[in-house]
Amino acid sequence: MYDQHIIYPGSVRNTDDGAGWQFGARLPYYRGQILSAVEDIAITVDGEKIAREQVRFTVRGRTFTLDELETEYVERWEFGEVAQVSVLRPGGLPAGEHQVTAAVQLRISYLPWSPVTSCTTGATIAPAHA
Amino acid sequence: MTTPHDIKRGVSLYSYQYETFLRRMTLDDCIAHAASLGARGIEVVSEQSFTGFPDVPQAQIDGWFDSLERHGAYAQCHDMFLDVKLYKDRKLNFEEMVTSLKRDLRFAKRLGCRNVRVIVNTPPEVVVACVPLAEELDVRMGIEVHSPFHFDHPWILRYTELTRATGSDHVGYVPDMGMYTKNYPPVFRDRFLRLGATPKIVEYILEAHAARVLADYVLMDVRKLGGNAVDLQMAETLRHNIWSNPRRMLEFMPWIFNIHAKFYEIDDSGREPAIPYEEIIPVLIEGGYQGHLSSEYEGQRHIEDAFEVDGREQVRRQQDMFKRLLGEA
Amino acid sequence: MTTPHDIKRGVSLYSYQYETFLRRMTLDDCIAHAASLGARGIEVVSEQSFTGFPDVPQAQIDGWFDSLERHGAYAQCHDMFLDVKLYKDRKLNFEEMVTSLKRDLRFAKRLGCRNVRVIVNTPPEVVVACVPLAEELDVRMGIEVHSPFHFDHPWILRYTELTRATGSDHVGYVPDMGMYTKNYPPVFRDRFLRLGATPKIVEYILEAHAARVLADYVLMDVRKLGGNAVDLQMAETLRHNIWSNPRRMLEFMPWIFNIHAKFYEIDDSGREPAIPYEEIIPVLIEGGYQGHLSSEYEGQRHIEDAFEVDGREQVRRQQDMFKRLLGEA
Amino acid sequence: MYDQHIIYPGSVRNTDDGAGWQFGARLPYYRGQILSAVEDIAITVDGEKIAREQVRFTVRGRTFTLDELETEYVERWEFGEVAQVSVLRPGGLPAGEHQVTAAVQLRISYLPWSPVTSCTTGATIAPAHA
């Protein structure tokens, strides 16, 4: 559930430092999770799959690679909390319309499988300031 | 006129999760709403309503007690989880599980809850190992008997065997009324249709459900009928949303500490079309149940793709139904 | 010393099926063997023991009665089937099913049986429609409550609801003790190992069975562990061979007409390692059960690939166990 | 069950009329069945699959094609009874060693699938009389 709410409305934008682009992301689950439960955040933009190594996850000021999330046993992604997911890509996304998909895979302890919940949204990247 | 009884009303804040997630309700709003309905026993999924679990900042705990007091409500139950898969490469061992449950017992005490909902995947040996601490803290542990489990499932039979052998009255059950899904929930059906289920196969599944056909057989039949992935997903729900006999609670009544009054929808006529509370509540009265009927609205996940979720209205309707069936006012 | 009781011993000739198939025992041999053990109530799978069903030649029926009389035995139960898939392109309709069951009631009468085992796939409405004839013939219909069904499964709950509403004492149950498979049957395990199951996965399944893990979860785990087709087949048996609580028979005792004393093996110590008759029989005594314990040996299919089948020896051992548990001699 | 007993021991032989070969066959089930329940009897000899149309089933003097079995609602294949299954093949099998498999598929009313039970046996065809 919460599929349609994973990507925070209107949050897709290029990062200020020009190193890539990012969006606000909420956990598609009914309770907060310790970060080690996040098995994957698979991102697709305009049909192109982003390599896992290019993705960063930031919550309350701490930034992790997806591999680092897997061994983080204290820090949490809280219920309804907006984390920042960023994609390393020099220059970010070109200005204009884009379609972004984020698929979050969680290892839920009482389920024998790891559910994947996915959200797709259109986003407009404004032209860079001249 | 209704038989005298001592059943109390409450709400699990799980019911307002959608509004909480979207930051449209605060913890105080949730407590205020429940209390405004006279549902004063508050159950909380702590990892949903607080942050930093298990080290929830004291300010949040203070806020919790302030809200309860201000609205005339009280803490009833803390819903505990057991993260057996915390580590990707191994499951928690016995000692780690015991430590986890003990942590939750202490957290419940900190919240002022007399009851802990123990999630159903918790091994009974772990619960048994925590009995001394539960008694010391006077916090009761109730395994959530949750569909597809039921009181006569081997997993629960084993729990009963091991926990009753302790002789403790601090270990028992929190039955979730989802195991009494007598009629197929209309909100499930409608969502599967929206997702692309085949109307004729949907019809078939509804008939098979009404005839109580073994779920495995329905699944095989749906495959034979050429069902698509959504049809198969709908057939799978027959495995997970079961009907059993509410009268089976009678045998376990002394150890039922709380009831998850699960519901998917209260319709305009004021009834839960799937879960027959008009059958369930008389059983609770007959058995002398003294705990809470704790509203647990779970319709949001079945309608969010197409409709506005309104947890408050749904809880209000269920509490109205409870008042009627409990003979209040 | 055992509590006084009125439980009778019998044998279902199903137990000697292997020898019957191979023409090593005649119908008369089967009856003689059962009677020689003092198990005088004879249950028969008529389509196994007679030919030309339902128009069994009178000579065979005469032979049946001659054998019974000669060996001091008597007809107890006819095991009925419902061929709902007689036609490849459609299932039998309601009228056809009723006709089929009525035919079996008359056949049971012709055999001198007071009871009919109604196979579990029979819709309860069909059974209800046959109640007047059953009463007229004084033949009782008992649905075979057979694993994975049990008294608290929705299919059986619905049967109970519809049949009890008739008020008739000619409609009830023939529970099959396979639903009380408390320990994983060694003959199942050994056969899966012979067929190529992975020893470590077999070990895992046995542990999961002992811990009463939900069968669906075990199946998923076995898939994750890379189990082969035989491993998966073994995991599937957890779905089909269930453990439930024998005490649940107490509620239904007045309508239990016969018991299928299913067994897979009686070992050298005289015990059924999987099905705990030492727990089951005291429940039957406590409930005042007055029908038969009808031996139903089903080990042959699990050992025939590797061992000589000896139905007689197995029945003899089970009947010895019954004598011991019933306090005979 | 009864897998190993489907083909009656020592029964594989050429038919007397030279039209093919045959064997005695028992039903792999614990009760007799009406013939319409027999969905298939698949025969393989020395790795070669026999066409369904070449198979005949004979019980108590009546012979059926496999298609005819499917609409026979009275006649039965009784428990333990040895029926004759024959394969139309002029001249029958050549003298010598053969391997024969018979796989019987039954539509059992209380099972949601139609189980197949199969039996393989070696057989020696004696040279034809000179």
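The first chain written gets the first letter, and so on, giving A, B, C and D; residue counts start at 1 in each chain.
By our rule, a contact is a pair of C-beta atoms (placed from the backbone, for glycine too) under 8 Å apart; a residue touches a chain by one contact, two chains touch by 3 or more.
This is a predicted model, so every value here is computed, not measured.
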* Which pair, B-D or C-D, has more C-beta contacts? -> C-D
* Whole-Å gap separating subunit B and subunit D, where each centre is the average of the chain's CA atoms -> 57
* Taking each chain's centre as the mean of its CA atoms, how far is subunit A from subunit B in angstrom? -> 30
* Asked: Measuring from the mean C-alpha position of subunit B to the mean C-alpha position of subunit C, what distance in angstrom results?
  -> 38
* Touching two or more other chains - residue numbers and ranges from subunit B -> 216
* **subunit A: positions in contact with at least two other chains** => none
* To do: Name the graph shape formed by the protein chains and their touching pairs; answer line, ring, star, complete or other.
  => other
* Between which chains does touch occur? -> A-B, A-C, B-C, B-D, C-D
* **subunit B residues touching subunit D - in the complex, by the definition given at the top** => 216-217, 220-221, 224
* Over in the complex, which subunit B residues touch subunit C? Could you list them? => 123, 148-155, 157-158, 211-214, 216, 239, 242-245, 248
* subunit B-touching residues of subunit D, taken from the complex the two chains share -> 112-113
* In the complex, subunit B residues that touch subunit A -> 14, 17, 20-23, 45, 47-49, 51-53, 81-88, 119-121, 300-301, 304-305
* Report the residues of subunit D in contact with subunit C in the complex, numbered from low to high. => 1-5, 26, 30-34, 36-37, 39, 70, 73, 76, 78-81, 107-110
